[in-house]
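Below you'll find a set of structures to go through.
Shared chain: chain A. Partners: chain B in the first complex, chain C in the second.
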Partner chain A sequence: MDWTRILINALEASVGLQAVVFALAAIGLNVHFGYTGLLNFGQSGFLAVAAYGLAVTVATFGLPFWLGIVIGLVGAVLLALLLGIPTLRLRADYLAIVTIASSEIIRLVVRSVTFEGTFGGSDGRQNFAAGFYSLNPYPKGNYNIGEFGFPERVMWILTVGWALVGLSCLIVLLLMRSPWGRVLKAIREDEDAVRSLGKNVYSYKMQSLIIGGVLGSLGGFVYALGQASIQPDIFGTDTTFFAYTVLILGGAARVGAPVVGAMIFWVILSLTDNVLNQAIDAGYISSSIINNTQVGQFRFMLVGLLLMILMIFRPQGIFGDRREIALDAR
Partner chain B sequence: MPAEENEQIGQAPLAPTPRAETGTRRDRRDAAALALKGVPHEPGASKPDPIVVVDDMLRQFGGLTAVDVEHVEVQRGAITALIGPNGAGKTTFFNLLTCFDQPDSGTWTFNGHSLTGVAAHRVARLGMVRTFQLTKALSKLTVIENMRLGATGQRGENVFRALFRSVWRTQEGEITDRADDLLARFKLDTKREDFAGSLSGGQRKLLEMARALMVGPEMVMLDEPMAGVNPALTQSLLGHVKDLREDGMTVLFVEHDMDMVRDISDWVIVMAQGKVIAEGPPDSVMGDQRVIDAYLGSHHDAALTEEDEEQVLAEAEEALERERAENEEAKH
Partner chain C sequence: MLRPTGASIGDQPELVSTTTGGVLVRKRVALFLAVLVSAGVCLFGVGAGPAQAAGESIFGFLFQLKGNVRTSYPSVVVTAKGPGGFTGKAVSDKNGRWTIEVPRPGTFTVSIDTKTLPKGVTLTDPSKQTLKLPVLEGQDKPVLFPLGKSTRTIESKWSQALQLTAEGLRFGLIIALAAVGLSLIFGTTGLTNFAHGELVTLGAVSTWWISTGVLPLLPDFGGLQFFPAAALALLLCAAMGWVNDVVLWRPLRRRGTGLIAAMIVSIGLSIFLRYFYLYLFTGSNRSYPDYQSQRGLNFLGVDLAPKDYWSMAVAVVVLGGVIYALVRTRTGKATRAVADNPALAAASGIDVDRVIRVVWVAGATLAGLAGILLGLAQGVNFQMGFQILLLIFAAVTLGGLGTAYGALVGSIVVGLFVSVSTLWIPVELKNVGALGILIVILLVRPQGILGRAQRVG
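Showing the complex of A and B:
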């Protein structure tokens, strides 16, 4: 077994494209769920709207790259308004139902045969990332430290991706230590109490939904540009629940938690994948017990197990405050 | 609970600020009593200087009429108690007045503003702030953050300005000073940095009241301020309610504890089955036959026949059913 390779893969996963995408998705969810208590089960919908907004603008209509970004962002804001207007006056569970349904509606619409000309059906869209890579300041080549490193295209998307992660964390940090963030946290605790103090709860919930949605949508852009290709099934409910896993691993309502959560999540997936595959290839594990194609599924079981262990021994997540969890038990 | 021992500090005699001296308190009480002196002891009696006026307010949950109030006025600057047996519609009436629930019909005004169709948060901004029967301390916020939240007109509550600390820092300082003063007055200053969720029931009631004062209200509505409060803290809470009148605020509160009602209220409004059945100063109301009937049933001193018994049982079951329906309704 090649342990160097395994560790380098894990290291690359910790800063790789998936970690960036899920960090951004979870930062958005953190604003929704962690700070405001909004149960958004359709975060993948925000990613999809951004990714498709960009891809369709460029690939289908041949319009400029920057216009695609603008359309994606506007799409995310509109989606938040569309989801929020009918549901935010109602009890929390209605938002959960509507968001999970709407993200599936978006996925099914973009993969439908009827709109194949626009959205590309189940094959999705390609050839829209040229505008982005033409801005690449890294000269052609591999940027390695030993065996760890990336080619120039990956370097470029990761630079932009991590810059976006940093910027998003900064925005969340500034917002959440302000009186605005205080209102959000109070709404999470009890919205009637906040209303009785003269705050327009509906408006704050809407602002939270929009901001979290837009932050999440950045993950959609990064994914689309990093892969230079999108397919509708990437934006299924799995994506939303991975983002929740990432958030809870890190600890909800902590600024840096989604970032660390995302890194850990993808490192675990990479480690289990590589270790099991290499162990099977080397004959340490008999393929009658588990074979290479089953590893992909099995590693998610391990993540689930890890999450259960974490919830038992550290219910507040890695960064959470134990005192807060203790309050719930009272 | 480790918080218990700290409750005792709330028992100290209430003279935290010069304005709360007993002399002025008696003056305010006398002023309120004087103003209400000529008011007839009748349901719907008009007051010399009403802050709240309610007309023909009706609220039905399905077939059940929870509130059906023809006319009620609340005197400015006085402490008015709203009492009545369980299921009389007191809390529903409260919710309606503060726009946390909308009536099927009726009009009501606060300080001359009509509140029909007004959003609940706007009512608070107009100067009518309420507390809740089940205390709503914001558990995972610290006590001081709970207090700061109460202040109105905060620049930093706008999402764009929130990003720039320099815009709201000065105001935040002023708010914090005001919050600290109130915390000292309510003897919660030692709990400043604790999570509100770690406070005892009585301390939460105090916090909720103090937080409501951060809004700078003209009228404070207290829904069962004594419910679940340890008797040692009751006197302190009573003192705080009297202090509200002291500071020129109007108080309307729902309560079950008759001793408390007698002790602090200038005027009592009695509700039963959704209607206002009696009004008057505490002593006259408690001797009122209609009130005794409402609480105990009109035939409470006659012997029960078997038929009566069956009827009572049927009525009781019906009432239970209704209450359950009401609860169901309230949940949705």
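Showing the complex of A and C:
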């Protein structure tokens, strides 16, 4: 077994594209769930709207790249408004069901044969990232320290991605230290008390839903540009629950926690993947027990278990404070 | 402000007069997780039979009926064009059958070469020489080129509606079986159980396993007939419900785990079980060996297979039994009392924990039955339960969360809507319509059809 390769893969996973995407998705969820106590189970819908907004604008209609970004962002805001208007007055579990339903609606519509001309059916969309990579300042080549490193295209998307993560964390930090952020936390703790102080709770929740949704949608852009192709099934419910696992692992209601959570999460997944794959190739594990294609399924089982164990034994995650987690439905 | 009854499963500790230490609870939960993992480890290495190809194809038969005599036309050329420059060509065999394998779903243009038809044979409608049609994922799309003079009238919209209503009723009854359990569990414990779909899948998957005889850890015993297999699978589901409550949810209730925390735990369980099923069962869609296909039976203008009629009958009888039990029996009354107000129920001498355990066992059994019937209707796959979970939620919400009768009514409405709406919207988008209805209902009547007008927000 090639332990150097395994460790380098794990190191690359900790700063790689998936870590960036899930960090951004979880930062958005942190605003919803961590700070406001809104149980948004449709975060993958925000990622999908952003990714498809960009891809469809560029690949289907041949419009410029920047317009695609704008349309994706506007789409995320509209989705937040559409979701929020009927559901923000409802109890948390209703909000959860409605948001998960709407993210599934989005996925079913974009993958349908009926709208194949626009969204590309189950194949999704390709050929929309050229505008982004034409801005790449890195000259062609590999940027390595020893064996660890990335080629110039990956360097560019990771630079932009981590810059967005940093910017999002800064925005969340400043927002949550402001009086506005304190109202959000108060809503999480006791909505009725906030209402009795004359605050418009509905409006605050809506603002939180929009901001968290837009922050999450940045993850959709980064994913679409990094892969240079999107398929509808990436944006299934599992993506949302991965983001929840990332958030809870790091610790909800902490600014940097989603970032650390995402890094640790993808290191764990990379390690299990690589160790299992290499053990199977080397014959340590019989391929009648588990073969290379089943390693992916094992990874999902692991995530499910991780989510259960965290929620039961340590809902505050690594950095959180148990008293600050919205664990009861209101 | 009104809070919904039974809103927190954290309410339970006071009711059951317990001072259970956190350590014991921790052990119980850890035990459950260990059981899950070791179940995973023990069952490693058990393949589940041959996988079937899950590709798409377009096929059809070229023939003409004269009275009862069927004349087939071999060596007729049919071509298909599709996305990505795909072209396929097929020649009909001696039964008139032609098949074109297509690489992926999409819209295809299929045309028949009329010059290769025998002399004197023409298309019924010469303008229909080329047809444009969608092929869905995993679909074997039948295409008909009618030959000879038209002899029958086209099926009217009304008879289509009748057929779809019958199919919708069948689907609605299946959803109802699962929804009643989900609704009762929500009513008595406040838990929104995202892992309920996996109980549905368990019913279907275990019936398939027992009836094919390819059982984990045991030698291949050739398989049982469908009915004993289904009965054993139901027992397994009941046991699963019991294990769910005793090993996982009751300890969590005693710890005072919040509702949202419990919901997220159920999501973790759902992900774990779904991919565990995928690991054991593989991704293909299978049917029960005894019910590969069954000839349709025409009854009052509705064309359904006999298995559809009796599965509807089974569902109606079982649902009737559930309603009778809820209204008439002691345990049923106790269940409704606990759903209404757990503290008051406990004060009047009802053993709340026992009621919840009964609800879990019954709910899991009903969900398993729903899975078995759904497997009859559409085949068995590892995520069939998860695919209908949102429809079950829609049904429960539509009827009013936590009310068992509401779940019944809501399920029938959702089933009918999903099926009949395909008159106007494409089949692949039928679930979108139902989920859209869920959102609209929450806008105008959040307490559902039969729910009491209480604040749910």
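Simple rule for what comes next: the second predicted complex is superposed on the first by the 308 of 330 C-alpha atoms of A that agree within 3 Å, B and C clash if a C-alpha of one lies under 4 Å from a C-alpha of the other, contacts with A are read in each partner's own complex, and residues count from 1 in each chain.
Please note the rule applied: a residue touches a chain if its C-beta (ideal position, glycine included) is under 8 Å from a C-beta of that chain, and two chains touch if they have at least 3 such contacts.
Quantities reported herein were computed from a predicted structural model and do not represent experimental measurements.
Asks: With both complexes superposed on chain A, which partner does A:Leu327 reach: first (chain B), second (chain C), both or neither?
Replies: Both partners, chain B and chain C.
Asks: Scan A:Ile171 for contacts with chain B and chain C and give back first, second, both or neither.
Replies: first
Asks: Would you check which partner chain A:Gln207 touches, where first means chain B only, second means chain C only, and both and neither mean what they say?
Replies: In the superposition, A:Gln207 touches chain B alone.
Asks: Determine, under the contact definition given at the top, whether A:Asp93 touches first (chain B), second (chain C), both, or neither.
Replies: Second partner only.
Asks: Contacts for A:Asp192 in the overlay, against chain B (first) and chain C (second): which applies, first, second, both or neither?
Replies: After superposition on chain A, A:Asp192 lies in contact with both partners, chain B and chain C.
Asks: Answer with first, second, both or neither: which of chain B and chain C does A:Ser288 touch in the superposed model?
Replies: A:Ser288: touches chain C, not chain B.
Asks: Contacts for A:Tyr143 in the overlay, against chain B (first) and chain C (second): which applies, first, second, both or neither?
Replies: Once the two structures are laid over each other on A, A:Tyr143 reaches no partner at all.
Asks: Compare chain B and chain C by how many residues of chain A each one touches, and report the one with more.
Replies: Between chain B and chain C, the winner on chain A residue contacts is C.
Asks: With both complexes overlaid on chain A, does A:Pro179 touch chain B (first), chain C (second), both or neither?
Replies: first
Asks: Give me the intersection of chain A's contacts with chain B and its contacts with chain C, in residue numbers.
Replies: In the superposed arrangement, which is not itself an observed complex, chain A uses residues 192, 327 for both chain B and chain C.
Asks: Which residues, counting only chain C, touch chain A once they are in their complex?
Replies: Contact set of chain C toward chain A: 1, 4, 7-8, 10, 26, 29, 33, 36-37, 40, 44-45, 47, 83, 104-107, 134-137, 190, 192, 252, 257-261, 263-265, 267-276, 278-279, 390, 393-394, 397, 401, 426, 428-429, 431-432, 435-436, 438-439, 442-443, 446, 456-457.
Asks: What part of chain A is in contact with chain C in the complex they form?
Replies: 39, 85-87, 89-94, 96-98, 100-102, 104-105, 108-109, 112-114, 116, 121-123, 192, 238, 241, 244-245, 248, 286, 288-290, 294, 297-298, 300-301, 303-309, 311-313, 315, 326-329
Asks: Where on chain A does chain B make contact in their complex?
Replies: Within the complex, chain A touches chain B at residues 171, 174-175, 178-183, 185-186, 188-190, 192-201, 207, 211, 323-324, 327, 330.
Asks: Tell me, which parts of chain B touch chain A in their complex?
Replies: Chain B reaches chain A through residues 98, 100, 119-122, 124-125, 129-132, 136-141, 145-146, 148-150, 152, 154-159, 162-163, 165, 168, 172, 195, 197-198, 208, 211-212, 214-215.
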